[in-house]
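Have a look at these structures, which come just after this line.
Presented sequentially are two complexes of chain A, the first with chain B as partner and the second with chain C.
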Partner chain A sequence: MTGSEFVPLSLVPMLIGICVAVACALPGNFLLLRRQALIGDAISHVVLPGIVVAFLLTGVVASVPMLLGAAGAALVAVAAIEAIRRLGKIEPGAAMGVVFTTMFAGGVLLLEMSDTSAVHLDVEHALYGNLESLIWLDATGWSSLLDPQALAYLPVELPRMAGALVVVALFIAVFWRPLKISTFDEGFARTIGLRTGPLGLALVVVAAIAAVAAFDAVGSIIVIAMFICPPAAARLMTNRLEAQVAWSVLFATVAAVSGYVLAGYGPLWLGAADSVSAAGMIATVSGVLLACAALMGPARR
Partner chain B sequence: MSVKLARDNGTVTDAERRLASPLAVRGLTVSYGQKPAVFSVDMTVRAGHMTAIIGPNGAGKSTLLKAALGIMKPLAGTVTVLGQPVAWRRDHIAYVPQRASVDWDFPTRVIDVVLMGMYGQLGLLGRVKPKHRAQAMDCLDRVGMTDFATRQIGQLSGGQQQRVFLARALAQGADLYLLDEPFAGVDAATEQAIITVLKGLRDAGKTVVAVHHDLSTVRAYFDDVFLINTQAVAEGPVETTFTEENLQTAYGGRLAGAQMDALAETLVTTSAGTSAR
Partner chain C sequence: MIWEALFLGLGYNATLVTLGAAILGIAAGVGGSFLFLRKRALVSDAISHATLPGVGLAFVVMVGLGGDGRNLVGLLTGGAVSAAIGLLCVNWLSTRTRLAEDAAIGAVLSVFFGFGIVVLTYIQTMTSGRQAGLEGFLLGSTAGMLQSDALVLALAAALTLALVLILRRPLTLVAFDPDFARATGRNVDRIDLAMMAIVLAVTVVGLKIVGLILIVALLIIPPVTARFWTERVDRVLLGAGIVGGLSGYIGAAISAAVPDVPTGPIIVLVGAALFLISLLCAPGRGVVSSVLHHRQYQRRVHLRQGLLALAQGQPIYERLTQRLMEQRGLMRGDGVATEKGRAHAARALLDEARWHVVRNDQAYAAAAERYDGLTEMQKVLTADQIREIDARLPAPQGAMP
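This part shows the complex of A and B:
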């Protein structure tokens, strides 16, 4: 494929896919080790009612209100999960299950009852997103990456997702040591003065930022997969947290790139006429990577 | 059950003892739900001594430690370190939690766990330099675990895990060491290694407080005892306070006669109820 074809059609979706995958996989490492992996799943479901409510209030599908609505819904969900867990004395996994299914179902009902037929907001979009449609028509080739005029028409999802990735990566880098200590031994972490409560909440908020930013571009399925599959596969490759996080970034990137390529060309290679959903294929590849790690990873137990 | 010392004895007052104590607890009450786990407990640890916290299962021993450290939020009470709030003196305190309280499958190596004890030195972003590694290796050496420095922690035996936890506490370079059942489920060699290290700390002027289960070793291992059964029962030097009467009060008659007979040699036979120092 030449640059004049690749850059406008495939470069942007691929980069967005990589940003989504890495931004979700990074906090996913800690959520997994804290036995909170389902929280990513929960967040990616609960943002739906927030986005629908934002649309109903503003009447437009614009990114800022949708992000705010999604963030609001995510915060409501985090509070509800904590409340149910503490007041109901229910284990965290079950509390999340109750909250995220209820809120997602509520979002679907809201979506069906409201008139969103004129805009691009439906249940399918919420699940698979629309990675393939994020093309960069103003690009003519690799040289467009240096052309300010063409860059001005870069799909807005790319800088937004890249920004989310930067926020996530900075948080993990700066709070690496407290996150590691408090994930391993929360009681000890408190005795050395680490504020484990706010830190745990911040981790969930950062995961929510990644999930909300990713939701619009790629839907919830890929978000769920990326929170869990790359970190879980990485855990099977090594017994060091530092190496685990590096492996998870590698797996996330491989899943994003190869998933996108396989979705676009795989069916053609097999003689079928149409391509398949990139988000679905990326999630599938990440699952296959996890299966391979489970069968062959050097740090299996 | 607070200890009353008269001024005219020429001895210090309670308030003065608390001020000088590396860990003084007053009126501490902690509850899980409705039922208090620790109720209105006063404890004044003597500096430079080893204190055993003993009492039956569910008596609030671990809870007392956790609340004193601020891991759990008490309903009431104050905790002071040398007269100051415990939160101000965190760098003076090292804590060894119960071994079973963490997930030993966590992806990290022995040396990394010891380095966690140096967070106070390293801070949020400080680089781990060779001198920090050397310091961590020295702590591992003191518990006889240098050969295991690069092992994954899940590959260790229970006794080895306990030694790693102790090495992490040593790395904190504290003056006060609080240990929650350090001898639970460890082999005899580890028990010896740990008690040697703890006595070494005491001899170097540090203060050691441990939740302890094995009544038969109290006399051999510790200077002071603190008996608790939700409320404080007694505190003082082993020679005067580790009595059959106090034990029966703390254990509520749950110690069978046979157990008492086995303990007879180590128990104090005087009838000194609560102690005077």
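This part shows the complex of A and C:
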């Protein structure tokens, strides 16, 4: 494949896939160790009503109101889960199940009842996005990466996702020590004066930022997969947090790249005419990686 | 239209689907209660998402064999097989590796669903077979269902409910106290397997009606709702069955009247409305009841502290205390105690003095545990005991002016 074909058609989706995968895998490591792995699942479900409400209020499909709506919905969900858990003394898993299914159902109903036929907003898109469609038509080859005119027409999802990745990475880097201590020994963290409550909430908010930014480009299924599978596979490779995070970034990148390639070209190699969903294939590859780690990882038990 | 639907007036198919949804709701509510009591509610999320690749592959296989791929039984069988594989993966990951169950659930859920999407997008490019309607498995659609399919679903829902009712007692026992069940010689692993089989059956039957994304709500919301109303297992089961049945019935009826909207979200939202009502209004655990209880407690504390302040001749500055004391005629507006107020205050002080004796005496350790600064001694000790305590009280130091 030449640069003139690869750069406009595949480079941008691939980069977005990598950004999504890494941005979700990084906080996923901590969520996994804190037994909050399913927070990612819950967040990615409640993003839908947030986006729909934002659309109904503003009437346009624009990124800023949608990001705000989705972030608002994520906070409402976290608050509701906490309230149900405390008021009803319900176990967190069940409280989460009540909240995210209800909010998702509300989102679907709002979406179906309101007239969104003019805009690109439907449930299938929310679930598995459309990574393949994020092509960079103005690029002509590798030289376009240095051409400001072509760069101006880069799909907006790429800088947004890269920005989310930077935010997530910065948060993890800045709060590395407190996060590590409070994840492994919350009681100790509290005795040395760390505020574990706000820190835990901040972690969930950062995860929500990653999920919301990713949602628009790739749909929710890949978000859930990337929150859990790369960190879980990494957990089976090592006993050190630093190494685990490094492994998870590696796994996430491998899943994103090979998933995209397999979805785009795999069916052609097998003789079929069309490609399959890249988001679904990335999730599948991450599952295969996890399965390999579960069967052969040095620290699997 | 909606009234007609609620009273089953929309034709044979709609009636069958509505009744099927109601039966499914009851089975899901009762079956979900066991899952909820075992604290494994979200396992059902993994099971339901794991049906998608099976449904898709079943379609591909049926088209490959020359059919049009619309046979509901075939599709549901495929879904059941892949859901069972998903369940095995969850169990294997959480018992044979160091991963916790929640991570195993999330991994299986997302990977199976992702693979299902891959299969679905492959099906979209297929030229043969009638693929329209496969999306209906995501969010449920009962509009335009074939009569034979509706009959199959209603029957399967009834069978599932029968299975739940037959296995009710061992499941309750294991859900409530697995250690006791094991100690009395029951095979807990096998009963757990039966529970999962029920969840699997509910999921598969619910695929067409509620859809695989939201079927988990039908398993979780009813028991959580019922839990607000009672502390007893059998009543949780009953309540969850009622809530689930109502959600399925009303939801499917509304959806039959408004055919454009997918059925699943409506059923879930009916259940969520019942949940919200319970969250607010349930006696004991509900929000309103908690607030009332808290307010009552607050008033008792303020009154008691106000009376003790009166008895010791201290001024009262706290607004709520002042208001409560005035409302009850214990104190005048200028802070001076009334006749009644002085009597009550003296009694409160005496009670407090008695408690002081009780709490310093090991012999009354059991009674001393009940001390909370509010309970009157008469409610804890007998008249004889109180007389004995009174004898030990220090002599009065002269009356207050």
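We take it that the second predicted complex is superposed on the first by the 301 of 301 C-alpha atoms of A that agree within 3 Å, B and C clash if a C-alpha of one lies under 4 Å from a C-alpha of the other, contacts with A are read in each partner's own complex, and residues count from 1 in each chain.
Throughout what follows, contacts are C-beta pairs under 8 Å (C-beta built on N, C-alpha and C of every residue); 3 or more make two chains touch, one makes a residue touch a chain.
As the structure is a prediction and not an experimental result, all values here were calculated from the model.
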| item | value |
| --- | --- |
| When chain B and chain C are modelled together on chain A, clash or fit | fit |
| First (chain B), second (chain C), both or neither touched by A:I192 | first |
| Per-residue touch tally on chain A - higher for chain B or for chain C | C |
| First, second, both or neither for A:L290, with chain B first and chain C second | second |
| Chain A as apex of chain B and chain C, Cα-centre angle in degrees (nearest 10) | 60 |
| Partner chain in contact with A:R160 - chain B first, chain C second, else both or neither | neither |
| Which superposed partner A:A263 touches (first chain B, second chain C, both, neither) | second |
| Which of chain B and chain C A:H125 touches, first, second, both or neither | neither |
| Chain B versus chain C as contact partner of A:R235, first or second or both or neither | both |
| Chain B versus chain C as contact partner of A:L87, first or second or both or neither | second |
| Minimum Cα separation, chain C to chain B, after superposition on A (Å) | 5 |
| Intersection of chain A interface sets (partners chain B, chain C) | 235, 299, 301 |
| Residue numbers on chain A that touch chain B, as the complex places them | 33, 174-175, 177-178, 180-181, 183-185, 187-188, 190-194, 235, 238-241, 243-244, 299, 301 |
| Complex contacts: residues of chain B adjacent to chain A | 66, 69-71, 87, 90, 93, 95, 97, 101-103, 105-109, 112-113, 116, 119-120, 122, 124-125, 152, 154, 168, 172 |
| Residues on chain A engaged by chain C in the complex (per definition of touch) | 32, 35-38, 40-41, 84, 87-91, 93-98, 101-102, 104-106, 108-109, 112-113, 123-124, 127-128, 221-222, 224-225, 227-229, 232, 235-236, 263, 267, 272-277, 279-284, 286-287, 290, 294, 297, 299-301 |
| List of chain C residues in touch with chain A within their complex | 36, 39-42, 45, 92-93, 96-100, 102-103, 105-107, 109-118, 120-122, 125, 135, 138-139, 213-214, 216-217, 220-221, 223-224, 227-228, 260-262, 264-266, 268-269, 272, 275, 279, 285, 287, 290 |
